[in-house]
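Just dropping this structure here.
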């Protein structure tokens, strides 16, 4: 037994976890030293979040050992984990939508300190200080439910950083963040490390991973397949370990000059969100839209699909005006929308995977008197699940049992099965691993080859550059710039920041 | 002064109340009088305590329909115990007994909900039948109009009395203080203690609360015990003021109480609710129930009138919220 | 019919189980069973709902009782099920349902309108034959309550022209608390009201409480149908001036006895004596048997009726 | 899907309970409970509230509730009764009577649909929580029924009216046939039609339904119209069985219908529920109720037993992982406030 003094901060051995037959983790072991940042890498569904939940005491392992500072931990609960200094930024944020920003940030601290009475001043002060440390400005009294996703993520980060921690676990903390916030966060991680705090970092953005972590652990199908110092890994090698193969993203093929005009947006405006938006989309074109947080991209995307009612302007598809502010009219005109927040906006979590896809294609399988051709519907849905290579135990399983990336494909499958004319993808690869991401990019390319117009909204600059023919840059609700696809990444980053 | 916030339920319900009072005053100028006020305050005591209890549950993301059965059970068995075993027990002890019985029954709800993890609506729908069935089968179904002296005494204690021009009295019973006490205590728990904030947190997201280490079971258990205790208090006050312990009473009120709470802005989805709103909701319901004759609505149309007011009272804020949501996208 | 009393089953089905009124009726039913050795018992639904009562009768038919003594919650709603009972050879006796079609005999303690008039007479006397009065019914859908009140109003119009009815029939939903609130409201809306007449057994208790709290017991005249055990405390203080009722236990006994007579093939005739107080000389009108079984109770004689 | 798989879980356990209750009652009073008389009597009794339970179920699947079903039932019955009494008259016989019965039935359905439309608009368009909207509208429907009739019963139907609630069709009670047809129809609707699928998806996640271009307003409105029409049918059955129509018939059926739906495994927060479960719950309740009446168990004890049964079933279900607790779904990203008027 090593003496407690030189025992690693956290050590795991043989950790195994199964969910009703599905093995999420099998015999995983590694350790994290104080002041060290370890990256946990792996494809969607490889077991990263599960491992984190076990460390945080949220889920119980089936077998294996975990020790904090040499002390074996049995029956870990969220409270004992927090007391031991383990703080977690959950992939789904785990915030309280009905409480204010201040309270969300301060709650765990109050709980951890064992106060019985709450002191609002104390809570506010802590929240304010933490927000300042991260250099973000969010109204302390706003209810979290009213915040955009990115702000929610920032609040979740603040909550974990608010109090003294020995290990901070971050499960994809940057999915909704743009370059600037990511940079700030990475800066904070460096400072934390310097203070002796350990970090367990999960991200599909491999560049970030390699930038900030000393050590890399790679999971595949719930098993540890590689481990070593970050210096020994590059993106390609990491990708190979994660997926078991090489993944290469090809640049988009050139758009044929005679591509027909598919969609024309003119003078679209909504007070406080976006203004004077004009653009055309041609058949087979992939159009990227990028911008900083709050630049109005999401509002614009929702407006295209009728979920936001614009004040003025017009959207025409195939030369016909689309009624604004009506998702049904938009869908009918052939516009599809894959939302950014798949858990609340995209999925019917407790329904089967099949139904989640099938709901998009009811009309096509309708028979007389509203009766469905169920066999056809399910065959169709199954076919799309296959085409998008959704990894699922059974197609009748609840969609919530899938990993994030597979869930995203389910939403995609739903829209693709409707054969839309224009597909608006808001963050198509948010929380999706490199392997799946490349496949989704492949799908996008394939779609455009079939003449579909695709609008991709993303913060992921390489993604935009490899998939899009053109990229629009938004700032303060206006389109300020336009670039061709295949431009250098640095160029796009500069234009975004300017 | 902040400007009136028309997107808040509280403001809208307050406006509906004012409108209704104006209407009542126009049709009968003597509407604005002390007897009206004391009658309404008195009518709001039991409903108010119930509503506060229902609000706490709604905030936690649950729903409780069994509190009326708990109240009837606690009230009736306390009276029975007093009458048959301890006729001389002073009223504070009798009240404590009823509160205790209520808390014990609430604990049964709490066990099913917190420890077995069953859905709140279903558990309380079940215990509603169980408590009522047990009471009427095994405890008794005869009403007791010979209340023990201590309860009679309590019902005759007044905070103040006054005499109208025609020589009749108006008065506000001591029991009103119980409502005030319950409101203050609940306000303190909900807003000033970590327990209270945990109730809100659970209402926002149980899973998130669990993940940051809130002892969800303990909090839920507390909620249902607390609600049971409040129901026990409301029950014994009801019996004392009505000067009869009728085991058939109270059950059937639960949906109106929940309606009052939701009128006041509490969300059925949990996490949101205020005491101000709850009291305004109760005020509206009591006001409407007690003023239809004054306005001159014929008996045959009175339930239509109440229905319309519930719809207007909830419809305005709901419509407002929906428009705001549509504007924001 | 069955020969031995012990083989005879008579089910008394009341509007709702457990309440004071029908508990008292059950005493009569039990007494009948004890006196005669008949299997006589009483059942009632847990909720005041005609459909639940119909289902209960349905079950009684299925289990093969010989006779049914029914106090219908809503007589009309029971016609089909009682018809089925009679078709199955079951003797049916009803109570508080003078218009019931499918019954062998309906037993009425009295003519409802007369009973209402009796209450009105007392109230009018108390009021000195003039002033405003208000009436309360348990529910607007209750036939008997409406008959009492209508009888009372008609009697007042004919005999006490200086009295005036204020407001509608006030509906109390058979709930003392509602009666209390309605009474408060009536007292506010019509400050000069002197007479208040209740119908449901809890009405006068609710009214009495409101009257007592306002200290106007001496200025008002409160009458209505109730039982001493419900209204007693208000009779004592004078907040309620008088109540009228008929003894449910006697009615219960009488129904069972009547059912047995029918099964035995005994004749039921006008003017016959059922051998029970208030039913010594019944009036037969078609299928309806009327007694003169009402009792007027006030502070002076309430001790004689300990239920 | 194999039959076993289709019948697994909640519904299978309910089937066991129904059988156990039946056998227990049969053992406790073998000659009476198993008599043809009793079995037919039960078959006449339950359809009226079972149809109301179907109405509640449909609303519950969207995460809403319909507390106005009894009000709608009585109001529709009173309108139908008006036609039968005032236009047809008690003396109507033969094809004439049948025609008027059909006409009154149609009128009742229209009333039910309009009342349901009213609910649907309140909930889907104005965004009222279903529990309050239908509590309020239920008071209004009942109130209108009281105002129309002055509170008294309407009687004097043509004899043919009795057929609906008391007749036999090939030896089977007509109300039972009616219930069976409706249960099958609703079951079919829920599992085999786009509308049914949309109901369940909406109940699972109203926001996602909107994002999936489901016409949520139309779905919700149609749900309450359907619920209103089912209530109207129940109203007609009650009217026929009572040979009269009145504003306060079946007042205890609201809670009973909710209890049955929930016992039948319908998730009151929406998204899950099977008609077979509701049918089994209805049967269990009826066996229990009639059996206990035969044993002369107090009707209050019956409430006690119902309540205990409900909780017992829930405990058994939860032990086997049937989680329908609010906020339980594993990825607990809090559900956003349903501004789209999900009707909770």
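Going by the order they are written in, the chains are A, B, C and D; count residues from 1 in each one.
Please note the rule applied: contacts are C-beta pairs under 8 Å (C-beta built on N, C-alpha and C of every residue); 3 or more make two chains touch, one makes a residue touch a chain.
Not measured: the values here are computed from a predicted model.
Participant: Report back the single chain whose CA centre is most distant from the CA centre of chain C.
Facilitator: A
Participant: So using the touch definition from the top, which pair is joined by more C-beta contacts, C-D or A-D?
Facilitator: C-D
Participant: Please compute the C-alpha centroid of chain A, do the same for chain C, then give the distance between them in whole Å.
Facilitator: Distance between chain centres, rounded to whole Å: 72 Å.
Participant: In whole angstrom, what separates the CA-based centres of chain C and chain D?
Facilitator: Chain centres of chain C and chain D, defined by C-alpha means, are spaced 34 Å apart.
Participant: Report the inter-centroid distance (CA atoms only) between chain A and chain D in whole Å.
Facilitator: Spacing between the chain centres: roughly 43 Å.
Participant: Taking each chain's centre as the mean position of its Cα atoms, how many Å separate chain B from chain C?
Facilitator: The mean C-alpha positions of chain B and chain C differ by 34 Å.
Participant: Can you tell me which residues of chain D touch two or more of the remaining chains?
Facilitator: Answer for chain D, listing residues that touch two or more other chains: 146, 150-151, 298, 300, 302-303, 330, 332, 334-335, 337.
Participant: Touching at least two other chains at once: which residues of chain A meet that condition?
Facilitator: In chain A, the residues touching two or more other chains are 93-97, 307.
Participant: Could you list which residues of chain B touch at least two other chains?
Facilitator: Those would be 133, 136, 141, 204-205, 207-208, 211, 270, 300, 302.
Participant: Could you list each pair of chains that touch one another?
Facilitator: Touching chain pairs, listed by label, are A-B, A-D, B-C, B-D, C-D.
Participant: Quick check: in the complex, which residue numbers of chain B touch chain A?
Facilitator: Residue list for chain B touching chain A: 192-198, 200-201, 203-205, 207-215, 270-272, 326-327, 329.
Participant: Where on chain C is chain D touching in the complex?
Facilitator: 17-18, 41, 43-52, 54-56, 58-64, 74, 76-81, 84, 139-143, 146
Participant: Can you check the complex and tell me which residues of chain A touch chain D?
Facilitator: Checking each residue of chain A against chain D gives 20, 92-97, 145, 307, 327-328, 330-331, 337, 339, 341, 343-351, 355, 358-360, 362-363, 365-366, 369-372, 374, 396, 400-401, 414.
Participant: Touching residues of chain A toward chain B in the complex: what are they?
Facilitator: 56, 58, 77-79, 81-82, 88, 90, 93-99, 103, 107-108, 110-112, 115-118, 159, 270, 273, 299, 302-303, 307-309
Participant: Note which residues of chain B are touching chain D in the complex, please.
Facilitator: Spelled out, the residues of chain B in touch with chain D are 61-62, 112, 116-123, 125-137, 141, 204-208, 211, 255-256, 258-259, 262-263, 267-270, 300-311, 314-315, 318-319, 321-322, 324-325.
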